[in-house]
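Sharing a structure, written as structure tokens. Questions coming.
Labels run A, B and C following the written order; every chain starts at residue 1.
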């Protein structure tokens, strides 16, 4: 089976650039997701792979074959549409059999293969029904059967779970993963829901404004975001900006303003050494921060900050604290373990210490182009603050 | 207080509606009743009889006029509906360069009194030295039906779920296969509506047929008008009653047909 | 920066649209546009008893401009106005009544309105002839009931023409009105009455403005055909006052023929219709601008 190669792929609609110079290799057999906010170009990208849009420039290749201008019916690619698009005037059997009937396969073989597929998706007893007689989840399964029966090299899924309710979504997610394991072909998944993308993918690509911001395995993207957008879009994070005061072998020192006249200094590991004096931004995930009333013992590689609790949100599995340090706000997740550093639970307006390991921060911006404001740590619109960097 | 005035207005509307029903149906009912009247002219009731119905069926000219009407209606429906399908498909493409012009061309005949179309066609056939008869009538009927069929089919096509076409393409179907197996079946309700409309317009037409039929070719409306003008109206009542029955039949049938189609989908 | 792949596909789609529309395009050009061209040509020719002489003559237009044919046009105009107004006055309550009825009854009521509409035009006219005749049913009944002593001579008058015109064209007004009224949110009326307006005020300030679109559509379907009416005036009208439709038809069908005259009259009628359409379009646009809040 072949890899999918996207080469300098772009798509313009008039003066609007929907997909901007995308270069990517999707390995055969992978479950690969495109994740991004609405309008980021992920659906357009998918449609170009399927053949419903023609690239404005660049190419789509399946292995060594350039399929960029092949019509959809000539590509070995099948799509699961967002609203399933089952043919309303045909039975479920005929819907699933459609791809085979087009190829004029023998009636008996069609029958066998259709029932094989229906059994795979556990809908064999409903073969005679019509699409308007079954539920959303069942339509989803028929759509899968209809696509997979053609033994495509690649299966494209366009927000397939968007129309389902939460519990069903969770269930179908696992079903999709099982089907992927069973069938073994490449799945390309498009969604705006990060938990879907993270749980299901072997690798994923984060998209924004037509470009791929970062691609890689889910844990890579989560723990080591390549840009402010990646860090912000996936999960929650705290941004810390400051000026580099010293660069050592395996850590740097950062001097940060806390919004009032005070400043504090923290250490951080780094991917590549920045220039002393340059302005950089770090990302620090809330679950990496520990919170306590008493100042912890000094340790060489632990950062400590003093602040005041402004807000407490009880979320069942953990509690979210908003802690004010000067004018900055830090989001902290604290799981409910029986082992506390103190005996008493934390309350509003308590003075607390935040501490974390200096390898838990990750440099997300070195160029200083993208400088999140102090306000960024509140729930704000990222687009306002992030300018297009050069990458 | 409010309730009373609301009832008053409702009552007034109901009265007007009932009067309207009387207005609409009395002449027709009289017609039907008098078709069974045993009298040569319409003066008072002179006994119940079927004889004018029998005379009707024995009348060869009426039979011929009827056949002509059906022939023209059938052919013009077929052709104008086909033209309607083709054009509606062509107009689907919103960025089609000729779209505005062609839509305009199709709407204009609907905005002009029938008589002008009759006159213009009569002059056309005169100018081109074509003899008036079945073909000229057929051409005329197709001409005035095609605007209607295009509009009916096109408006049904507006709400068409295009993702079904994409799904079919995705599954390997070529455009021609998609048309016959996906598009055409789903267009069927619109096509049937258009065909029924064209059929009705065709069997009903007088003025355009009047100008394009010449001597030898009569349709039912032409025949009836001529008979009324000449005054020999004995069988017209019966004919009219039968035509009314036919209309009722069509109305019931269309409802049935629509139900069948909807459930078949 | 458009790619060549996309523009190639666009051009292909455009071409196939042209091909699909071509048959109808050709048909309408040959049998709709060109005939009118011929009408224009013929209007400048000379009449002959059976046919047309290909000698240029402006006689037809001269006669029209000197006002010889003013009367038919005025009569037709008057007929169209009366018919349209009566259709609006009578049709609106009916459409309103149906729109306000329960969903289930609505369809039934509509069918009742449509059945006469589907009945053949000539039959409907004929039925009125029977009804209105000097010794017809209406007169017989009225005399028997003692309401009148002498039969009314309604047939063969302008009154009969208007009556039958309204009868025939009423559904064309009711249906567009109904389709607009059906979409009306009647809770708006309740809101208005809550704010102090009585039924009449609420009607004139709320219902009517929103129904104007329906009135426009209905007028289009009634007024313009009424201008060119032939059959109804011919069968129930007074042979002394001829309407435009009749004049044109006589000039085409009756011997001696005068096709140039008929052509010129047709073009004049066409011009009138065009002017009316432009007027209505202008009014419609003004109405749309005023109600941009919709």
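As a working rule, a residue touches a chain if its C-beta (ideal position, glycine included) is under 8 Å from a C-beta of that chain, and two chains touch if they have at least 3 such contacts.
Note that the structure is predicted; figures quoted are calculated from it, not measured.
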item: More contacts between chains, B-C or A-B; value: B-C
item: Chain whose mean Cα position lies farthest from chain A; value: C
item: Geometric centre distance via CA averages, chain C-chain A, whole Å; value: 62
item: Euclidean distance of C-alpha centroids - chain A vs chain B, Å; value: 59
item: Centre-to-centre distance between chain C and chain B (centres being mean Cα positions), rounded to whole Å; value: 17
item: For chain A, residues that touch 2 or more chains besides their own; value: none
item: Of chain B, residues touching chain C in the complex; value: 2, 5-6, 9-10, 12-14, 16-17, 20-21, 23-28, 30-31, 34, 41-44, 83-84, 86-87, 89-93, 95-99, 102, 105-106, 108-109, 111-117, 119-124, 126-127, 139-140, 142-143, 146, 150, 200, 203-204, 206-207, 210-211, 220-221, 224-225, 228-229, 233, 236, 240, 243-244, 247-248, 250-251
item: In the complex with chain A, residue positions of chain C that touch it; value: 1-3, 5-6, 9
item: Chain A-touching residues of chain B, taken from the complex the two chains share; value: 161, 163-164, 166-174, 177, 182, 185-186, 264-265
item: Residues on chain A engaged by chain C in the complex (per definition of touch); value: 12, 54-57, 68-69
item: Touching residues on chain A, where the partner in the complex is chain B; value: 50-52, 71-73, 77-79, 81, 83, 85-89, 98-99, 102-103, 146-147, 150
